[in-house]
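Labels run A, B, C and D following the written order; every chain starts at residue 1.
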Amino acid sequence: MSTDFTPTEMMTIAAARALTNDDVCFVGIGAPSAACNVARLTHAPDITLIYESGTVGTKPDVLPLSIGDGELSDTALFTVPVPEMFRYWLQGGRITTGFLGGAQIDKFANLNTTVVGPYDKPKVRLPGGGGAPEIASNCGRIFITMALSNRGFVEKLNFITSMGHGEGGDHRARLGMKTKGPTRVVTDLCIFEPDPVSKELTVVSIHKDVTREQVQENCGWTVKFADHVEDTPVPTETELAVLRDINARTKKAHEAA
Amino acid sequence: MARLCSLSEAIAENVKDGDTIAMEGFTHLIPYAAGHEVIRQGRKGLYLVRMTPDIIYDQLIGAGCARGMKFSWGGNPGVGSLHRFRDAVENQWPRPLEIEEHSHAAMANAYEAGAANLPFAMLRGYIGADLPKVNPNIRSVTCPFTGEVLAAVPAIRPDVSIIHAQRADRKGNVLIEGITGVQKEAVLAAKRSIVTVEEIVDELNPPSPNSTVLPSWAVTSVVHVPGGAFPSYAHGYYPRSNAFYIAWDKIARERETFQAWIEENVMKASPEDFAKHAEKQPVKAA
Amino acid sequence: MARLCSLSEAIAENVKDGDTIAMEGFTHLIPYAAGHEVIRQGRKGLYLVRMTPDIIYDQLIGAGCARGMKFSWGGNPGVGSLHRFRDAVENQWPRPLEIEEHSHAAMANAYEAGAANLPFAMLRGYIGADLPKVNPNIRSVTCPFTGEVLAAVPAIRPDVSIIHAQRADRKGNVLIEGITGVQKEAVLAAKRSIVTVEEIVDELNPPSPNSTVLPSWAVTSVVHVPGGAFPSYAHGYYPRSNAFYIAWDKIARERETFQAWIEENVMKASPEDFAKHAEKQPVKAA
Amino acid sequence: MSTDFTPTEMMTIAAARALTNDDVCFVGIGAPSAACNVARLTHAPDITLIYESGTVGTKPDVLPLSIGDGELSDTALFTVPVPEMFRYWLQGGRITTGFLGGAQIDKFANLNTTVVGPYDKPKVRLPGGGGAPEIASNCGRIFITMALSNRGFVEKLNFITSMGHGEGGDHRARLGMKTKGPTRVVTDLCIFEPDPVSKELTVVSIHKDVTREQVQENCGWTVKFADHVEDTPVPTETELAVLRDINARTKKAHEAA
């Protein structure tokens, strides 16, 4: 067992662990993409990874910089037009797990990637929703991974780009959604899961050498901890080796071209 | 039937000041050479449509060609912000930019509806999201059988759509391979269309009977521009220049460096300058 | 993930009395072997869906498997009437057949809507036509942007869809080539699906990255039935038996000759009997 | 110039002549298919033929028996799924000319291929509309070809499967259609075109050795003749040779398999 790892490595590996061979996973770019490919290269070799560029069953050898790098199509089972991706595969209800990141999240796992400040006069104009609004509603369940910080984990979002559990409780069901929504948020310090009833994000596992105080200091709301908080198992040597290998290959590839 | 012509002719004939224009390509096959020609010809007041306005639209916006933009994700993919886009939205520089913002699913459906000659698209979308509060073009429609309420958005019908593709034959039939994005829909939804290609061949020879082909009679102009998708890529021809995407962040961050880059690499350049990018081999053969 | 199994298992597990069932194939790749297995297993009360109910549904209707049918063109293509279908509609033999009739455009859109998990499909259709007067499932929807009125039909969501395809790999991923009709949509719109294939291969190797593939996890059962599309054809494998389509007119014209044919060629036969049809070479290589 | 030809040959050749190199033609099976391919093999080699099976730019060497024979896909520029055919290409307004046949037609070129007798209790149950209802409304113009007969050319249809000029006059425009509808009906005895104002089918050309009386005897309504009725040019040797060649190849191919 290795003890020499960074918080980001821990985050990626902890995120990867929740995926299984049976998952058909809609992969967001960045941290989600790293986690999904670590899962594929370790315990879930048969996982189906789908990127919104239309690539289905892709097995990239290096992590894509963009959602539509050539690597994704080269290694895919097949590639469909983008309208088909959103109509038949995502809206069609064929995706078991959507894996998202975001700029900001609130305690009900709603995400903001649109604006900081008022929409009409933004303080910061972020990229926008992309696929997230419908990924969040149409996938069987949602995993989220982002580094814990006061800027990112906020009490109230300026803008809900994609709905998590809305105002909490049965809000999703009241809007007619039959999917589960966010079931896990993996950060570099801890793992949250929504409370079964209130749906408020609750710390269920803390990474090695992290304290509850550190979690609270880096989160913009008053953090709830589960009755029993687990210690996140540290990365195995295999997990770390796989992650570092793919990161090294990726760095080399992205700097080359 | 498509006319085979030069890029300057194609842009001069098909892109007018004030047009609604879609330059599509989902990371792959982005028509950069055509975008540069639009800037060189000094088009003004364009209403830009694109799911993922990345560097190509950052350049058009910063160069002052655009009055508005409809989009669903505006960023430098994997790198960060589009600084020229942000400068236009946050500071109205070089001019104000009216924006209409959607989700990818809505934009993809809206192109699809345009290609299908429908006035609107419907989707199970936007549930619980805030965009419908700020975008009056997100409405609803009720199923006449079940009573279910679905989101509705207007079809996208550009005046002109521009895409890049792998090859065309001499009649102007076009083949697109790999990540095809919404390019076919963008062309079929538009009044006029321009396709720049890596190669003109005698026989198109699609690898499958079901390959993605745009027939000559559904395209207005076909132009031979090898390397014309750089710094994006052409599946089977050359790889994406991730290094350029990373470098763009610094170029576009300040108005002065941006303007110097445009002057040097667009205003003083020509479509033929893209050919050098076509010479790199893809890491993996397609 | 798709289960690779025998045809009798696949039909026994997935086709229930009373099911709404779609066996698709637009002239090409019609799943005849599977249709015969349904007759052999004595299914009753099926609600048949198919754009072009040709001989395969004439056989199911004449054999008494069906209670109703949704369709858009019911004939023996290029030959004439479906005599068993007409006998059911005109004389209720062997039992009454409830019909719901659409146009091709409406059926194709309805499958597409089913695959897209929408409750209905809209189209510019049925203008000035009489079908809406006799089919209460043809309604309308109004564009929330332009006020235009469009035709609307319910999405098709079969309990089970059955298609035939060229090949599958050992994981159950399926490749379809040539005239693909509405087969992909029919499978994706259905709760369960069966795909019979000419070949099981180690590597699927689609000829284009954009080939028509159904991934294993979107299919319920995959069955190896060489020749299973006879007397229709399998692009790249064997040609259509136009002679059989012409011969069917005489076989199906009288109840007695039909019943004798079914007894001999279905009830006393097995899926393996289709293999002999796979041996003919297509006139042109695919 | 040949004089030895059958009425059916004259019909097919006369139908073929109206097509041009620039046409993108949606081809019905049977007589329309023969006419379109004769046009392609004579004066319109660059015509684009489309069959509703999804085959685009097809150049069959033998006439297909069905709308989806392998010959059509083998010789096509490309083949699309059937939903795409009806959505992007037909409804998309990309087709200049639709070429239809029918079981019955009335004087406003409305077609019936659904039922003879009441819909609920038909005397004859015909195959149904197939692609015709939307071909009739979405193509730029419609050509129709069918043999003239009292059973086929009727005063009143039991059922309008696809609308031609409806009740005549500006009926199409009143229903919001921007396409021209039927502009020519070619039979084995004569050619009809709609009157510019009333839209009633009017004989504009009569084939060789056919009399006005024969036309009237074989038509179920009182036939209008144009002020100036032309003599249909007889088939050229080339036209006849091409038609007979393709018919012979077709017969051989269909009996073989």
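Just so it is clear, contacts are C-beta pairs under 8 Å (C-beta built on N, C-alpha and C of every residue); 3 or more make two chains touch, one makes a residue touch a chain.
Because the structure is a prediction, the values reported are computed rather than measured.
*Asks:* Looking at chain pairs B-D and A-B, which one is connected by more C-beta pairs in contact?
*Replies:* A-B
*Asks:* Taking the mean of the CA coordinates per chain, how far is subunit A from subunit C in Å?
*Replies:* Their C-alpha centroids are separated by 40 Å.
*Asks:* Approximately how many whole Å separate the CA-defined centres of subunit C and subunit D?
*Replies:* One centre to the other, that is 28 Å.
*Asks:* So which bits of subunit D are touching at least two other chains?
*Replies:* 73-74, 79, 87, 91
*Asks:* If a residue has to touch 2 or more other chains to count, which residues of subunit C qualify?
*Replies:* Residues 117-118, 123-124, 148, 178, 180, 184-185, 206, 209-212, 235, 286.
*Asks:* Show me, using the given definition of touch, all chain pairs that touch one another.
*Replies:* Here the touching pairs of chains are A-B, A-C, B-C, B-D, C-D.
*Asks:* Spell out the residues on subunit A that touch subunit B in their complex, using ranges where they run on.
*Replies:* 29-30, 52-55, 64-74, 79, 81-83, 85-87, 90-91, 110, 114, 119-120, 122, 124-134, 136-138, 159-163, 166, 171-172, 175-177, 253-257
*Asks:* Name, in rising order, each residue of subunit C that touches subunit D in their complex.
*Replies:* Those residues of subunit C that touch subunit D are 26-28, 51-52, 71-75, 77-79, 81-82, 85-86, 89-90, 101, 103-105, 108-109, 111-112, 123-131, 134, 148, 178-182, 184-185, 212, 233, 235, 239-243, 245-246, 280, 282-284, 286.
*Asks:* Under the stated contact criterion, what part of subunit B meets subunit C in this complex?
*Replies:* 117-120, 122-124, 137, 139-146, 148, 150, 152, 154, 177-178, 180, 206-212, 235, 286
*Asks:* Where on subunit C does subunit A make contact in their complex?
*Replies:* Subunit C reaches subunit A through residues 1, 115-118, 173, 184-185, 188, 204, 206, 209-213, 215, 217-218.
*Asks:* What residues on subunit A touch subunit C, complex-wise?
*Replies:* Counting only subunit A, the residues touching subunit C are 22, 24, 48, 56-57, 73-74, 76-80, 87-88, 91-94.
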